[in-house]
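First the structure, in the form of structure tokens, and then the observations on it.
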Amino acid sequence: MNRTEILQKLSAQELTVEEAEQLLQADSSDELGYAKIDYQREERTGVPEVIYCEGKTAQQVAGIVKNMREHGAEHILGTRCSEEKYLAAAAVCPGLQYDQTARTIVYDPEPFPLNRGKIVVACAGTSDLPVAKEAVITAKFLGNEVEELFDVGVAGIHRLLSRIEILERASVIVAVAGMEGALASVIGGLTDKPVIAVPTSVGYGASFHGVTALLAMLNSCASGVSVVNIDNGFGAGYMAHSINCLGGKREE
Amino acid sequence: MNRTEILQKLSAQELTVEEAEQLLQADSSDELGYAKIDYQREERTGVPEVIYCEGKTAQQVAGIVKNMREHGAEHILGTRCSEEKYLAAAAVCPGLQYDQTARTIVYDPEPFPLNRGKIVVACAGTSDLPVAKEAVITAKFLGNEVEELFDVGVAGIHRLLSRIEILERASVIVAVAGMEGALASVIGGLTDKPVIAVPTSVGYGASFHGVTALLAMLNSCASGVSVVNIDNGFGAGYMAHSINCLGGKREE
Amino acid sequence: MNRTEILQKLSAQELTVEEAEQLLQADSSDELGYAKIDYQREERTGVPEVIYCEGKTAQQVAGIVKNMREHGAEHILGTRCSEEKYLAAAAVCPGLQYDQTARTIVYDPEPFPLNRGKIVVACAGTSDLPVAKEAVITAKFLGNEVEELFDVGVAGIHRLLSRIEILERASVIVAVAGMEGALASVIGGLTDKPVIAVPTSVGYGASFHGVTALLAMLNSCASGVSVVNIDNGFGAGYMAHSINCLGGKREE
Amino acid sequence: MNRTEILQKLSAQELTVEEAEQLLQADSSDELGYAKIDYQREERTGVPEVIYCEGKTAQQVAGIVKNMREHGAEHILGTRCSEEKYLAAAAVCPGLQYDQTARTIVYDPEPFPLNRGKIVVACAGTSDLPVAKEAVITAKFLGNEVEELFDVGVAGIHRLLSRIEILERASVIVAVAGMEGALASVIGGLTDKPVIAVPTSVGYGASFHGVTALLAMLNSCASGVSVVNIDNGFGAGYMAHSINCLGGKREE
Amino acid sequence: MNRTEILQKLSAQELTVEEAEQLLQADSSDELGYAKIDYQREERTGVPEVIYCEGKTAQQVAGIVKNMREHGAEHILGTRCSEEKYLAAAAVCPGLQYDQTARTIVYDPEPFPLNRGKIVVACAGTSDLPVAKEAVITAKFLGNEVEELFDVGVAGIHRLLSRIEILERASVIVAVAGMEGALASVIGGLTDKPVIAVPTSVGYGASFHGVTALLAMLNSCASGVSVVNIDNGFGAGYMAHSINCLGGKREE
Amino acid sequence: MNRTEILQKLSAQELTVEEAEQLLQADSSDELGYAKIDYQREERTGVPEVIYCEGKTAQQVAGIVKNMREHGAEHILGTRCSEEKYLAAAAVCPGLQYDQTARTIVYDPEPFPLNRGKIVVACAGTSDLPVAKEAVITAKFLGNEVEELFDVGVAGIHRLLSRIEILERASVIVAVAGMEGALASVIGGLTDKPVIAVPTSVGYGASFHGVTALLAMLNSCASGVSVVNIDNGFGAGYMAHSINCLGGKREE
Amino acid sequence: MNRTEILQKLSAQELTVEEAEQLLQADSSDELGYAKIDYQREERTGVPEVIYCEGKTAQQVAGIVKNMREHGAEHILGTRCSEEKYLAAAAVCPGLQYDQTARTIVYDPEPFPLNRGKIVVACAGTSDLPVAKEAVITAKFLGNEVEELFDVGVAGIHRLLSRIEILERASVIVAVAGMEGALASVIGGLTDKPVIAVPTSVGYGASFHGVTALLAMLNSCASGVSVVNIDNGFGAGYMAHSINCLGGKREE
Amino acid sequence: MNRTEILQKLSAQELTVEEAEQLLQADSSDELGYAKIDYQREERTGVPEVIYCEGKTAQQVAGIVKNMREHGAEHILGTRCSEEKYLAAAAVCPGLQYDQTARTIVYDPEPFPLNRGKIVVACAGTSDLPVAKEAVITAKFLGNEVEELFDVGVAGIHRLLSRIEILERASVIVAVAGMEGALASVIGGLTDKPVIAVPTSVGYGASFHGVTALLAMLNSCASGVSVVNIDNGFGAGYMAHSINCLGGKREE
């Protein structure tokens, strides 16, 4: 029995208000067999549950999106989503948008109000783009203005130095880099804003799929740098949003 | 006034040799032979240079403190400081205070103005105290109200659950834990505030001096958690301060 | 020719004692060229030999199942079995059942008598289901009542806390989790029952295919937790059964 | 006297406010500044809080023992305790006993009632003795009959094979070994009882302080083996007790 | 044209000394563009160059075999050879034989004379067969009697113990095992013959593709065990042969 | 009751022959509390039990030596023995000899008969001497002629090349090297004799206490090389002896 | 508008000098959406930007090559380029050449003037060829005479020793090897020229995809050896060129 | 009898040429029991043998220095030398100089002629000084002008950027850094000179004693960077010299 049916039965007086409330509460973390969706999460934390599409079938992703829409969800974000899964989900959710680089799906007709501060997402090279874009889209989805500062790797450090003022406009900075991950340290040394460092699995040989960048970022000689998991663009965007909330909303 | 200007003024007899010598000594990135102190850092970033005492002799620590005081520094923080080094430094800097647990030295007669938000520092067990205290003292020194929530490890999870309201009062939370580092995930799941996780080297065997806690924290299933280096209480306190600045100062 | 048939022939004097002895010896660990099946294992340990299907061809799996059935085996369990291998085996063993999630094959027309105690299998997320289900099916196959407690990861700890009474009903608990594996510690802290922790390879980046969860579980701050290999649902189910035997059978 | 009782007595004017305050301070999770002792743990789980002495000063260990005795604790166990710390603790707790090999302190004038089953603790070599003994003493302390089977490493496998009947008498077996840790697999192959494997840091070179034994045990080809942290004799003894409880108490 | 033919032509004055020298130089390490074959290796060491087929195309393998046959090579061994590569090589070398399990190709119409001693190759499970068979075929090819002792893993140790006399007949023993690799230690403890241990990549999770077995074997508590690389059946067979040569040839 | 007492009682007819035999059997693996000495090992394997002194106190080492002498042991070898432990043992065993470099104790008034073949022990640098010497002394003690070829590291490869004939005289070669461990490959390429490679913990930084040399040796491009644990000079000497036995004794 | 067009417009007075300068600056790091090409790199460093084709689509590679040609680039090098990507690029850049082994694309109608010194690239086995060839082609492209010394692995060290004079003719040596990487040490010991060591991912088992060779090379007992990343033939060729520049150009 | 004495005797006809040659050969790699000194190294490679003092006793260091002086050595360099060892060596070699930071001993009354190019040694922080100084002293000793650029870590990148012209004056640059080792990448991005990167063991936690810096440097996104072992200041100085030789001597 889904939410609509409960409400219909209530309206038809086949349920008392108390029974309906109990059912709705049970319903709020809805089970699809393969997934429980926590519908009270948005209420508790201000952020709706996000769909991690990796390891789910196209059918399952579509099922979850459908279920969310049926519960009236107005803000849907899915990450690590292949094009095939997007197509399945879009079929049950018109208006769902796909970003090929970030591999995200977004349904967001009425975006969240914007936080006052701005988030800057910087990345070292073109190979880091998918992770950087995932951070950008996550942060925008959660209600933040985001400025991109891409391809500013330290091998050509003049590209970064010539745009320092962009860093200065930020409330929080996300620094995305693979290989030796030096970008986080250089940015951390140039600014006093909190820096969220995201190591990427870009590189080969002794980059060990991002471990080298991860370790380098954890050992940053600059203060004010903290780190999320390898390739975790979503996590960085979420953390940046979580920090940016401290400055309050724009309309407030 | 830089080195060249000083020398030009000397040559133009606008300075006596003595004055020039003093100025050169006091030059902005002062060299003590074993260390250059960056006296413009506070101006640039709002945070004075902090002394990392490990690997320095007692004499060197004392020399740096003395040099800072002579330059009029009113905010001095030193970390990883043994008692012996403290005593040497205190001899040249009356009023210098020592925390035996955190192993910090602080000279701070006129504290920085307070940020509006509050930082909560939570730790899992008594063995994590030195790291937690380093975070607490760092954050306080930089101008933050800090609330401690110690010994709330997940093996006795009721101790944490019964104090959730403390987490809710925070702007930022620092979560300090060794062994399996589960505290960060549990706190991350209970709150929507940004969480800075600090793995500690507490544990034995397969804890690998903090690596297990570090990895666990990086893989936290809760969003809004980012991580600093093992035992890096200072870094966590600094990052928390850096975030807390977004909320503005109290007196503003 | 299985054990019973050999004995019948001996009894019918169609075989000499010497011939029977030779046949029985050859029989007890039957060789298929690619595998020796230890038919006395069930007698020795109460548990029949289990087929690990990974790395075996569909033909080999079917061959083993056929051989076991010909020896009169009434309890057959195969793990890590693809659908293709199942189909090959089912062709020679009508009644063989397949679980797509757990990837197990089971032939069990007359189940083993039940142990008195109950085993609870808990898991953190939907991605952990295959491993959790393998544990469930193994434990059931060996003669245990099993209760499932799925999708109770610590990121939404209220889901676990609201079902503590399920843990209390258990004799043994299997805790299945990937990523940072904190579930084992939290359950270990909530109960005094023995907890078998199973790390899964769920996660990405610094989860290192389950190593992080493994290390975290080995370092659990809660007592009464021991650990099996990554993704080893079978091993956990077996261990839980082995423990649960101490409480005796229900009908005794 | 718990918190509620104190408050009731205060309300009933059987206590002054001052007395109540003192009692509350000394209340169930007693704070010594450096440690909180969870006095309700025994009630909740049947097992009192155990003192992990490593990383605590002699004074702190003595302080905790004294505090526990003052709260009427009748069962005290401390692990990883140096002789110096024992002496400090014994001064405030007459009757406290020390085991030099296991490095444990025990105060246990009225032992817990015995579980019905027996625990066997086996170890590979003389260097594994400290860990094996810690397991033995822990299991005995918690109320179990324990039989020792020491120095039965697989390099001289006849020593183990000639004592198989000891394994058969056990409800649970703890297998302690360093180097290549093969003992756990061999015992696991010889018995159908649950085996708790404890890797030790015994060895050199590529033993990596117990990591090799740990990995070997996690990969045991025998079923019914689970593993605790390196050198965690306490954890193994606790887990074995936790399992052994399933068989009920002797006097029941 | 091989070495003998060149010398014969020289002796018959069909070649000048200079021409012969050039041919011999070109000849002794023949270049195929993609590989140099060292035709004097057999003369120097008694063992012809062996073809490692992995990473070579079917064409290249066939080319090398053809070139060797043209130089009159009477003993050809190729390892890690797919069926497709075998077929290409067999087309240019009638009589070439393939072993599907070991993935070896052998051309050996007139085998080397036998060493006096016997080599026993033991392996733990059916999954270890490919590596064990590679060792068997290599040792046989180089001129050794080999006895197989397969599927004697320590989980069912009675299977090994009941065949100790086979170990006693050996001059050298090759012990092949994956997972925890305990077989090498158990065999090493049962015999005083040199044991060459071969870890295999059999296992999952914390077996780390053979690393666990490798480490366990290096830490064997039994003396007289040395180790070759993971899955290196060829290397073990070669080493066993190299040792077995010490006992002299049978016909001597 | 020790061996002498048993025999005296037998002689005094206080014991029957059967009783005496039982007692002697029990006695053969003599327990000293801290160690069981396997006195039938020499009979079983031709090699007496060797004392690994690391982790034993001076008193324990002396106790074992004394006990062995009382059982009439004529061949005693102890490894990893500090000078202090030697002195304690020498006090109860006149004639015991110490090698400061190898850190071995040897009591061997009537050496074992010599094997026919010769063992060569080569090492790369002076820092590898302790391990090389342990191999030399072990091999000599077990009854082998040993030739030393020290300080022939590949950085000055002419030193090795100018002494190739020494390698040619060997039956078995032990190659000892730290850092990058290239010596084993170079020797393996120069000879067709079995090579036992011993990595040493010599080096710094990325030598990781011998792990680099260990890995390099396991990956030797030369055939006929097998490897023992890091710094395991004893194991290499033992393995070399075990191999050298195949060639028979000199006096035979 | 490309560089040529800008200059033409300037020359035609359709642009002021100021406007042209602004356009050229904007132009110099041209953005293709997926890549920024730094056209002033060649001017700054004497070396044009090199295309790393891995992780780029055939279309993107072709797009970059086209864009470079349109900017008048006369020296184009692409590495890690599949045949498919080459074909796409060749379609827009006639004269582009492909090396199947090295997987490089080169457009270089008017090569750079040659450095005076010669670079020798040595490699251990045929499997190391792709990396060695990448180094050769990179060094040649940048303006160096290169001599190849292939298949000189230390298992047959006579092949290297007989060609020492080639090493002596070099200014810089690149040593390419997988497995145990001993080639770098042996060459380093034979010469006083700077040696750039390149570990390759050639090998299996404990070669760990080149990590063993990497570690061995970092620990070379020979001086004058430095190391680049695993399989980084390009980096080695670049570094060798960078060193060789010190000797000046030939025509100078 | 040292080299000079041999030659004097030859000149005095007290030796035949043959006898002298034999003596010189024996002499050239002089054995001290604990070390062979290769006196022809300087002749062969232009660089005398350097004493690695770690792991040698003060007596041994002094013995080697004495032996070298007796052979007429005019250039002596010892690294990793404690003050105590220096004092012992200075007693037998007046004029021997000690650098407390670098921990080197140098005897060099008549320095080698200078190479034309200049070497710059840059380091990130004061804790890297010992390694940087070892590189400086090594390079100077071998005949190079060296310029120091210390304390230019990327956390305060303005310090490096303001001194770029120093980098431009160099022929070769040595970049020394611990923690995340980003200095090498930043310098590599700023210059086209060959950069030798030296990771140091400076840092804590996840710096893993220099492994993080090592990995980061191997993965530098800048070209023209190669790496030596952790803390290997000597190796970097030697490599830089080896490169700098290409530019020829100043007096040439």
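Structural remarks
Each chain carries a letter (A, B, C, D, E, F, G and H) given by its place in the written order, and its residues are counted from 1.
Here is the rule we use: a contact is a pair of C-beta atoms (placed from the backbone, for glycine too) under 8 Å apart; a residue touches a chain by one contact, two chains touch by 3 or more.
Note that the structure is a prediction, hence the values are computed from the model and not measured.
Counted by residue number, the contact pairs of A-B are over half the same as those of G-H, the matching pair from D-E, G-H or B-D. Counting C-beta pairs in contact across F-G and across G-H gives the higher total for F-G.
Chain centres here are Cα averages; for subunit E and subunit G they lie 38 Å apart. Remark: subunit D and subunit H have CA centroids separated by 54 Å (rounded to whole angstrom). Residues of subunit C found to touch two or more other chains are 156, 205-207, 211, 214, 218-219, 223, 229. Chain contact summary for the complex, subunit C toward subunit D: residues 44-47, 50, 117, 171-172, 192-194, 196, 214, 218-219, 223-229, 234-236, 238-239, 242-244, 246-248. Within the complex formed with subunit E, the subunit G residues making contact are 126-127, 129, 151, 156, 159, 202, 204-207. Contact residues of subunit D toward subunit B in the complex are 29, 34-36, 38, 41, 54-56, 199, 201, 209-211, 214, 229-232.
Those residues of subunit A that touch subunit H in the shared complex are 124-125, 153-157, 161, 179-182, 185-186, 188-190, 203, 205-208, 211-213, 215-223.
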